[in-house]
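Listed below are the structures to be examined.
In what comes next, chain A is part of two complexes: it sits with chain B in the first one and with chain C in the second one.
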Partner chain A sequence: MIEVKDVYFTYPNGTEALKGVSLQITNGEFVAIMGQNGAGKTTLVKHFNGLLKPTMGKVLVDEVDTRHVSVATLSRKVGFVFQNPDHQLFSETVEDEISFALKNFGFDEKKIRERVDWALNILDLTRYRKTSPFMLSGGERKRLALASVLAWDPKILILDEPTIGQDRNQKERLRQFILQMNHQGKTVVIVTHDIEFVAECEPRVVLMANGKIVADGAARNVLTDPDLISRSWLILPEITNVLLNLNDLGFPTNVMDVYEARDLIIERIGWARK
Partner chain B sequence: MAIIEARNLTYTYPYAESPAFKDVTLRVERGEFILLTGPSGCGKTTLCRCFNGLIPHFYGGKLEGEITVAGLRTTEHPIHEIAQHVGLVFQTPENQLFALTIEKDVAFGLENLGLPRDEMRRRVDWALKVTGIYDLKDRAPYEVSGGQQQRVAIASILAMQPEVIVLDEPTSFLDPLSARNILEVINRLNKELGITIILVEHRLDLAARYANRVIVMNEGQIILDGEPRKVFLENEAALIGVGIPKVVRLYMLLKRAGLNISRVPLSPEELSKSIMEELIFDRG
Partner chain C sequence: MSMFDGLKFRNISSPIHRIDPRTKFIYVLTFFIVAVFFNQLIPLLILFFSQIPLIIIAKVKKEWLRLIKGSSFFATIIFIMNVISLYFYSGYSSFASIIEQASAMTVRFIVLVESFSIFFLTTSPDMLGLSLEQIGIPYEFCFAFTTAIRFVPVLAEEAQTIIDAQRARGLELEGGNLMKRIRNYIPILIPLIVNAIRRSLELAEAMESRAWGATEKRTTLYMLKMERRDYCLILISALMLAASVYAWLFIKIPTLTQILNIQG
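Up next is the complex of A and B:
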């Protein structure tokens, strides 16, 4: 469990990135932290594995204060996948990249091989096993960064902007993958401003603006609230927008799914034709 | 008049076993706004690197066929010469930022062109303003967020006022509203200044409305090329992996359910309007 208790954080240059954030994420939850660039999303999740320590307030991971443990110790439990894969990739081959942390955590040879094969396979990178990470495309490097964290099987998975540079198929695979991980009991926290992706995943949404949490609830309630969304400088899901424009004709305004929208429109038109 | 002309272009990276793209023939007219898309690894980024000579000058490898950009054969002219005609904005902005302040980063390319000081100042200020980072000009590029860095990268290209701007997923790091603002800026550069735009994007929902032409690549080849509405309408199956906008998917579903909407929508507003018309028409 992650408990954030009235956390303030100020960067050395004076930027106040978090201004009194309280949040509780229980084991097995799937949470999307959303907001515009600079809202404080990444700063917040960097507190979950101790990369940043609160200026005021505290963060507890499984009841342990992050100020009292090393990032290395916390990392075993909290896997963090960075927004820009180039910040974490450095090995000569894809395979070495994935096995690096496993070696550091002291996994044995056999286990390392198993975990590497598993991670390569699940993220569709097996064909690049011997390739240099820098020969991969942006989207592929992103998957490699995820694979190398997943390989050590952390209990809590934090993904900073996982959909960037991913095409439609990969996003769909990522969605299935996150849901599967979550179903198996992992806590998954994604930081994203990919509204359409979140609309499809329907996690708990924590909406941030200017270093504060401005809403916390089901995706369907948070993402379809025009007032909240515009105050957070985001945009509504496309489908919500289509129906919102038709609000005068009596359409509901909290729809995000294409099939649900189709059924509502067809029903309404059928009724109009009678 | 063609500003980019590629004929039977095939490229293989050094030590790669197979080409990144093969036998690509493409003609881009001056003033076009092209949306270039396709699955990850399809060769679109590699193709973009040919447009400003990074391939073959920087990457090496084997380039076969012919490519001419703004009248220059890229194989025969150095990158700095081609860069005056073609600006390239990369996927990850920080790979192209290096100066101590944002303002200096934006001015760097102009200093190399040897422009008069006034003209340089004017262009830098203009580029900083249209990308919305004028207030950040004295900050260091590495201090600002990923989205703001991408704006710096775009501003430094804008300041050069090239004939063609190639943008490789420029909005990836931006939140939706900033992404829309940047696309609006890119659109203005195209419509008002006539700059040819080649935009690589996965987010067709945000970008399709601006383009006059969509090119889809898959496994190193161009598989579709045409006007957006036409491409979306006629090639649903081929586009599933590309991710057609949700409004287009809803349009298809409605059409299949018997609703007769004539125009393929490229934005939620267009679809709402069509549905509204359908309902009002039926009542009357």
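Up next is the complex of A and C:
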């Protein structure tokens, strides 16, 4: 469980990136932290594994104050996948890349082999086992970065901007994967400004703007509120927008699921025929 | 990061900023040479303090202080190394004079960093490139030089992100013996270098597709011109150099220990 208690954070150059953020994420939750560029999303999640320590307030991970433990200790529980895989890939082979963290955490030989095989398999990288990470395509590098974190099976998984630079197919596979992880009991936190992606995932949404949380609730409530969304400099999901524009025909304004919209439209057409 | 800020150009307006980069370079070079001439504490301290007015005129006090703070780590190492080696190699010296000599070496280091910093804080990379060009260095080299300088802050920021990413994978930078500490930097250096190379290739492609190097003879919009203040500063530099050569040859500079008459 992650508890953020009235956290303020100021960077050394004086930028106030967080201004009084309070938040609780319980075990097994799936949360999307949203907001425009510079809202403070990355700064907030870097507090979850202790990379940043609050200037004021505190952050507790399973009741332990992040100020009192090392990043390595916290990382064992909180896996953090950075936005750009090129900021972490350095090994000679894909296999070594995955075992790097396992060695750091002191797993034994046998366990390392087991976990590497598992991670390669689950992210469909087994055929690249002996390939250099630098020879992989962009999407594959992103999967490798994810594999190299999942390998140590952290209880909480944080993904910073996982959809950037991914095509529709890759996004869909990623979505399936995240939901699967979440169903297996992992706490998943994604940081993104990709509203369509979030609308499809339907997680709990924490909306940030200017270093503050401006909304927190089910995706369906937060993402379909036109005022809230435009105040946060985001744009409504397409489906919501379509139905919102058909509002005078009696369509509801809080739909963001394609299939639900389809059913509503068919129902209307049927009703008009009669 | 904060230490690099002390070497990064501050785009403000001050008399020092307006001086021709070539003149400023001559001035800094003179400071360098003079600082290397002397190994006594008193002249080095004079050099150190004589630059402070310039820093105030140039309005870069904050950045300069940060640089001094940042370099205090290296300064401490230099001080300790000097005390140790002086103690072992010139056993006859008194404790006070060992401390004085070690301080002198430390102050010399700070003076060198200081003059570097004045130069880079007050000279825009563009002006620097322009002045290199106007003393006849081929444009390709000037461009490479200014681009390299411009990318220093980008690299510093990127290095911080890479460090964070690897720490999140359980890498601990502190602790361990020397070999382990050096090995710890591999996961940071490799992504940093690979990204730098990748970025430079991309930059080259982007530039060539915008017809970089299409004309043989380039003309520039701004021309550097030496003015009276530039000639004054060159004169001051020359006088400073002459005075210190004179002092070095003919004046026996007393040490602080002798003046205060400290017996070790």
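The definition used in the following text is that the second predicted complex is superposed on the first by the 274 of 274 C-alpha atoms of A that agree within 3 Å, B and C clash if a C-alpha of one lies under 4 Å from a C-alpha of the other, contacts with A are read in each partner's own complex, and residues count from 1 in each chain.
Rule of thumb we're sticking to: a residue touches a chain if its C-beta (ideal position, glycine included) is under 8 Å from a C-beta of that chain, and two chains touch if they have at least 3 such contacts.
On a predicted model such as this, the values are computed, not experimentally measured, just so you know.
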{"item": "Clash or fit, chain B versus chain C on superposed chain A", "value": "clash"}
{"item": "Touched partner set for A:269, first chain B, second chain C, both or neither", "value": "first"}
{"item": "Which superposed partner A:252 touches (first chain B, second chain C, both, neither)", "value": "neither"}
{"item": "Which superposed partner A:12 touches (first chain B, second chain C, both, neither)", "value": "second"}
{"item": "Touched partner set for A:104, first chain B, second chain C, both or neither", "value": "second"}
{"item": "Which of chain B and chain C A:139 touches, first, second, both or neither", "value": "first"}
{"item": "Touched partner set for A:86, first chain B, second chain C, both or neither", "value": "both"}
{"item": "First, second, both or neither for A:242, with chain B first and chain C second", "value": "first"}
{"item": "Touched partner set for A:164, first chain B, second chain C, both or neither", "value": "first"}
{"item": "First, second, both or neither for A:75, with chain B first and chain C second", "value": "second"}
{"item": "Footprint overlap on chain A, comparing chain B with chain C", "value": "84, 86"}
{"item": "Residue numbers on chain A that touch chain B, as the complex places them", "value": "13, 35-38, 83-84, 86, 135, 137-140, 161, 164-171, 193, 195-196, 233-235, 237-239, 241-243, 245-246, 249, 258-259, 261-262, 265-266, 268-269, 272-273"}
{"item": "In the complex, chain C residues that touch chain A", "value": "1-2, 158, 161-162, 164-172, 186-187, 190-191, 194-195, 198"}
{"item": "Chain C-facing residues of chain A, complex", "value": "12, 46, 49, 51, 70-72, 75-76, 79-80, 82, 84, 86-90, 100-101, 104-105, 134, 148-149, 152"}
{"item": "Residues of chain B defined as touching chain A within the complex", "value": "13, 16, 38-41, 45, 91-92, 94-95, 143, 145-148, 169, 172-178, 180, 202, 205, 240-243, 245-247, 249-250, 253-254, 257-259, 268-269, 271-273, 275-276, 278-279, 282-283"}
